[in-house]
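Both of the next two complexes hold subunit A, though its partner changes from subunit B to subunit C.
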Partner chain A sequence: MSAKKTQKAKESKKAKKEKDDGLIRFKINGQAVEARAGWTILETARQNGINIPTLCFHPAVEPIGSCRLCVVEVRQNGYSRVAASCITPVQGGVEVLTDTEEVLNVRRWVLEMLLANCPASHQIRELAKEHGVTSTRFKVEHPEDACPRCGLCVRACDEVVGVRAISLGNRGVFKEVTAPYNQRSMECIRCGTCLYVCPAGAMEQLFPLVSAP
Partner chain B sequence: MKNESKIGIFLCECGGKIGNRIDLPRVCELMRYEPWAHLATHPYPCLAPGLEAMKAEIQAKGLNRILIGGCSSRVMKKRFTKGLAPVGIERQQIEMINLKDHVAAVHEATPQELARKAATLISGGLASLRLLEAYKPVSLAFEGPALILGGGISGFAAARELSRQGMASILFAKSLTAEGVLDALYRTFPGCRLYCGEMADLLKEAFAHPLIKVMPDQPIDYIVGGVGDYHLGLRQPDGNVTEVDGAAIIVALDREFGSANIDYIGGAGRVCDLLDLEEQLVEGEIKPGKVLFWVNSPEHGVAAQKFAAMAAWRDSLVMARENPLVKPTVLYPANITLPLSGADLLEARGHGISLQSYAPEVHPVVQSGYMSFVSPSDNLEHEVQWDTLVVPGVPGDPAAKAEELLRWLPIYPENGGRLKKSHIKFWPEQLPDESLFFTGSAGGLCDLNEVLQQGKKAAQGVLHLREKARQGRLVSPVVVHVDKDLCEGCGLCTEICPCGGIEHVKPGSGPVPRETDNHLCSGGGTCAATCPYEAIKVMNNTIQQLEARVKAMVTQMQENEILGFVCGWGGLSSAEQAAVKGLTYPTGIYLIPVNCLGSIDPSILSLAFLNGVKGIMLAGCTPTHSCHYHYGVDHSWYRVNALKKLLSLAGLERQRIAVGYVEVNEPESFVRMAESHLDTLEKLPPLPRDDQTMAKLWAIHATMHRPRVRWVLGTSLRRPTEKVFPGSQFNAVDADETMLDVLKEEYTVSRIFKALSDQALSPPELAKVLEEPAKNLTPILTDMAKDGRIVAQSWEKGYPLYALGKK
Partner chain C sequence: MERISNVAKLEALRESLHAAHDPERPVVRVCLGPGCLALGANKVSRAFQAAIKAKGMGASVQPLIKETGCHGFCSQGTLVNVDPFNLFYVKVKPDDVEEIVETTLANGQAVERLLYSDNGNRYRSASEVPFYKMQQKVVLKNVGVIDPLKIEDALMAGAYRSLAKVLTGMTPDKVIATVEASGLRGRGGGGFPTGRKWRIAAENIRKNPGAVYVVGNGDEGDPGAFMDRTLMEGDPHAVLEGMIIGGYALGAHQGYIYVRMEYPLAIKNLGVAIEQARALGLLGENILGTGFNFDIRINRGAGAFVCGEETALIASLEGQVGEPIPRPPYPAEKGLWDRPTIINNVETWANVPLIMEKGADWYAGLGVPTSTGTKIFSLVGKLKNTGMIEVPMGISLGRIVEEIGGGVPGQDWFKAVQTGGPSGGCVPYELKDTPVDYDSLSQVGSIMGSGGMIVMDKRDCVVDVARYFLHFLEEESCGKCLPCRLGLKSMQEYLDKFAKGQGSPQDIDDLHSLARAIMKGSLCALGGTAPNPILTTVKYFKDEYLAHVVEKKCPAGVCRDLITYSIDPEACNGCGLCVRNCPQDCISGEKKKAHSIDVSACIRCGQCMDVCPVDAVLVA
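After this line comes the complex of A and B, so read on.
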């Protein structure tokens, strides 16, 4: 009885200690890592030299997890789930795996869909090739399309530049990067931030369509 | 900000994107003699863990300047500003060197070679950071009424909105009674009779409100002062000038319509224009019959046609409501869409108003009582009957009032007579508040409703400024400072400032030092680089900082390497996009981003040569239409041109310096430009470093500091709208030769100074030293001796022995 009590006390003491230094401890690919509250799995992984591929992520803007390329497997209490690492906050005691078969499978699906969605993007094709995806089983409707609709340019225009000259128009499969009212935006200051952040090189073609000279 | 600088350097590996391409440990080694307090490398400083580590290091070492060797300042600076704010680091204390896009991603050289380039760029950044000066942002007072100028109808909406929020305003109106304003309304907004009821209420409220003072519209003599404290001089009929003060200015200016030429239609009393019709409506004359509104005159543009069609629709409604025997038809070109709702169309049908479009390709033909047009639906010619034919009025040019205001406010006329506020495009953080308000149809044809909305919005902008001032937050981020001791009040800066950031002075007040209005200042810096007396300083971005950066970089560069100045818009974005796109170019060009090429002082260019740089390239936006600071890049052209002339005078190659133009989204052009200039320079020898050449380069540098040269450079600019050359020049060759003469003379003066600073010399001796014929020097020496810049120390063999004077 008393032994149990002391063990419990010890445990609570240990827990208290962990709480005190404010660090959250968990594992990525078996490697023990430390993080602070508010960090994401992606940030912690990168800090520790563990690479997770991303597309719609850019440090200059808040992550939204739209491309799902940064998925990882999070195991906890015998349960497992696949989550987008850029928006998943760190959690003590979990085990994160960045390249299990399940994760790779999700990534391949995402890339295959991207290949069908934006086949004209050289960058996307290269990224897919790195993951062994060279063709797609989905129908390619617009072979000249290079835009993955990740919305990074739109977020950068809002959060970094602060002018909101471009936006995502329409919904679902019709989603596209456009300026309000489908007209060339007079708000655009032509700073080129969208061109800089675009991960697919698509903004080059879109820029003349959305920005007024 | 403490003045003693403790600089922390943080290098970013960017997860290998930089770390694998640049030997970062080697960079650290190369930096060992530089004056930093902390140097660290992080895998990702921009992510939360990296920022956390940076914050800890900043606090532990008490750092007050941060240099980040990572990626694009344009994109990432905000993130660092936000992330480091909790440890007291402000935006201007952070300097970012783009190792990724200017070094790692664009060159194919070895990591060790790139480390040298990276270290050179970082040294430049350090030199600039060290000269960062502390300054106290001044918060502005915002007292007094808003001044509503221009006499536009939107002014009443603005005044009402202000009065409802308890702010006083002085409104200058064309008429001092509500009836007078209403009666004249049709001249600026034909077809808006429908709104007269609401307008009457608005005017009644405005004229009766104690906070709104309506004054007659008088000629404006001057507008001086700045945001929060404007002074307006009004010329009275007796010739005296009275002054009115206010905190803000709203310009409400409408475009007046003129009569259309209807002679070519004929038809005597049966044909009229919209203005005539409106006059008839005022008198209550509504003749029964078929009224045909024909929206013609494509020459005024689609906007004017749309406006005319809507005016016709509204007048049709007024007429049909008043007299059911009137059967109006609106015949409008099919290339415009009428913004009418379903309810509008229902009402039209109820009143028997016909809305008919015609194919604009085929001009409708007027007959007596009929008009034939081609319908776009069946391509067949149809006819419509008329008893009265009405054509639209002609949108007139901006009023004489506009001309008065243009002189004092940063408003510019565009093609087609439209007025626009300065077209400078900023990052919103450069100028967080709108401070000059421009409303009315002079800014673009629109209907009454929209204009009133504009007025209300302008008033809300003014109220926003007042609110900020009340909280003491009306502070501007860019601070341009004029040194009153150095300023001679020549007014060149006011003349060339495109944003209104340099305040005007009252006419006839003589050479008084200028004040700056930092709420309008865009921080372009052309004024500072032009000032003949070097009295203007763009805080946190001073010429001294750029000088230090150039010096630090050039002394570390190799003799075959060149400097590349890129403007923050076209040049920089294309250079960085080249990296994103995976383009490469030779390592020999070291990029220095500046706000605008216009902010590069001519002496910076000459200083680079004095320090031994082989060549310089400048990449800016295309002149006139895309320079974000109006004419910054054009001013830069004159400075480059002057330097070419001086190099030529010194016997050096003109092609060592070149300016190029590149737009945003043209990375290939940028790369071609850099490669081409590097190719040109490869054929040239390194800059000679012998005493003779050094003395010449010193003289070139001194020449760039001469007020007379700077004045000529500043006034040389001929804007595309100007037909005549500045000064008394008649043509391009004349203008160029005048500039060359001035440069030649001042260059010789500088060389004489240099020669005499070593020892006293007689004219023949000077001629020998300078390798110039003595007869060229004599007039200059006489001049210099006359004003005491040099003195004859003694006489030798009948010649004076000149030495430097006390001046």
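After this line comes the complex of A and C, so read on.
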């Protein structure tokens, strides 16, 4: 009886401690992890050395969940959903799985489509290869294109540099990195941040088109 | 009219309006809904004015011509209802007006030839017509009855009675509890319980006091859908009243209605309704003298389909690019200008006054337990009767198509029904007993959506249909997330291949896998539901996909690369109509003898088939 009591006391003590430290506890791939409120699943995973691939994510700018390579499966109360880990806040008690069939299916298709749409990007080819995607079944319309339209350059120019020299123009399949009014931007201070953050090496081609010399 | 300073005066005004109305006075209601307008309904209305003037009917009681919203039975437009004779005229042309004035208005007789007839039966009044008989008009009860540009008309029909009741006798909490108890679910497509949404917002406001906003979503962009449009055009006060009640429940002082620019009449009618409600003190400062302030502004959408998605709509309202942002946080927590915001479809808002007036129990008694109330659908496609309908939730799909829609002309079955617009699914004939409610539709892989219903027959090819919807969504994708921006285009590549008879059965499975990836991986509901037409058609019509890629045939005779036209020499009577209509001049034959088509020059446009009076043109 006393053993039971101590067990219970221990548990309640543990629960109290958990409540007090304000940490959120859940599992990633079966591994127990802790996170602070407001963290995303991706941040927590990286903190714990769990790899989730990303393309449009950069720690210096706000994530927008564009590329969807970072999708994970979140299971809770018997329900499961696929969510982009870079924008999904942590939640206590959930089970996150980073490599389920559903997740890999999204990732592989995204990479295969990227191979057709930004075939000139060496970085994307490498990333795809890491995930076993080496060829694409889709039409390559612009062999010289390297830009995945993730908007990381635009966000960095806005949030980090504070200049807003470039923007995303058009929409849907016609989306492109451009400068306001499709003119080469006079606002650009040629700091090179966009060149640095671009995950696909596309800015090298695009920079002369959007920045006034 | 004077500003109304308290509830008693509102009722007094209503009574004086009723007292001034002579029930014997003839009323001609001309449908000015979008369908009838396109057929020249305003000419009919003007003809009535002129004919009555010419007849000099001032001596007897002058008939009243009302230009109303949509009557619903669009395939029979222009529609005219004449009271108190309770006569329902269909396909009225300006030339028919004089006869109606002479026979009906002057002598009280029916113009037999303009009455609706079907299967040898002639129907005098609308309520007898099968198309209307099966319906249950609750939300639409005033649409087609009142003149939307006259608030007096709406007041006589009971508008703002619920508002008065709420403002004087119900606490905000009671309003939310009533909506919760009614079981009302969002009519924009998601089907989220409206009361719960309000409750969440109310709690967020308590935690984080400050401004709150109320938004009406009238950005209806689905091809073949016109429910919200009809409602905003035909009974704008119902939408306004619902929003004011919502504003009261949440302590909001500002509301916005987001209407797409392509609905100029809806914008005009809503604008007039807002002006008139403001003038009467039903909107604006100190509503009905209760001290409650609430105003509504109209925001015109620039035509992007994705702005119907709530977070994209809010971005657009703020003046930003109309792109969705990830949820959570939901707008009920952080919406317009980062403040708690309640955003509901305009049809949802129009349900609110009814719930307040008749009570949650009455509302919950309509429809089925998990999907209460009624739902408006636009019933279009290969049907005898097309138009806008309102039915209780839970009615079977087959009954809607066969009993209200009158079935497919000349065929005793339909192939499938696309519910929920371009991002809905194709429900095949075998599942015609599926009840139309949120959960049953999602079980068969489709969605309720905002209420579009497109009926297909054996001449519709599922590959072609899926291609059509996908093409629409591809053009409307905002391009923010990759699965949607590239995925819709990539799925289209597969379908284009199938339509040309290329590809293999493996490609069909690959397409299915890609569709699932897009469904799971997309940022917002546009991408998340875009694969529905493909997932459902592959599920229910896999044979037809296989026919395209294996046999290189399009069983429905639609995909141009897979079909050939020919003329049945037995059936052809040699009339030459096809010869005259062929744009390629590739049909030849002597008069009164069987014709033939030169297949090498034929572009498979199908015009010969459409014009042939004896159905001698075959497609295979």
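Everything below uses one rule, namely that the second predicted complex is superposed on the first by the 194 of 213 C-alpha atoms of A that agree within 3 Å, B and C clash if a C-alpha of one lies under 4 Å from a C-alpha of the other, contacts with A are read in each partner's own complex, and residues count from 1 in each chain.
Simple rule for what comes next: a residue touches a chain if its C-beta (ideal position, glycine included) is under 8 Å from a C-beta of that chain, and two chains touch if they have at least 3 such contacts.
No experiment lies behind these values; they were computed from the predicted model shown.
Participant: Looking at the overlay, what does A:Ala165 touch: subunit B (first), subunit C (second), both, or neither?
Facilitator: neither
Participant: Which partner chains sit in contact with A:Leu127 here, subunit B, subunit C, both or neither? Use first/second/both/neither.
Facilitator: Touch partners of A:Leu127: none, neither subunit B nor subunit C.
Participant: On the A-aligned overlay, A:Val173 touches which partner chain: subunit B = first, subunit C = second, or both, or neither?
Facilitator: After superposition on chain A, A:Val173 lies in contact with subunit C alone.
Participant: Identify the partner contact of A:Val82: answer first if only subunit B is touched, second if only subunit C is, both if each is, neither if none is.
Facilitator: The answer is second: A:Val82 touches subunit C but not subunit B.
Participant: Using the touch rule from the top, collect the residues of subunit C that touch subunit A in their complex.
Facilitator: Listed in rising order, the residues of subunit C that touch subunit A are 304, 325-326, 328, 474-483, 485-487, 489-490, 493, 510, 513-514, 516-518, 520-523.
Participant: Sort out for me which residues of subunit A touch subunit C in the complex.
Facilitator: Residues of subunit A touching subunit C: 64-68, 71, 82, 84, 87-89, 102, 105-106, 108-110, 113-114, 116-117, 137-139, 148-151, 170-175.
Participant: Per the contact definition, I'd like the list of subunit A residues that touch subunit B in the complex.
Facilitator: Of all residues in subunit A, those touching subunit B are 35-36, 38-40, 43-44, 46-47, 49, 51, 58-60, 156, 159-163, 188-193, 195-198, 201, 204, 207-208, 213.
Participant: State the interface residues of subunit B toward subunit A in the complex, per the touch definition above.
Facilitator: 15, 43-44, 46-50, 52, 72, 74-76, 78-79, 425-429, 569, 572-574, 576-577, 580-581, 625-626, 628, 664-665
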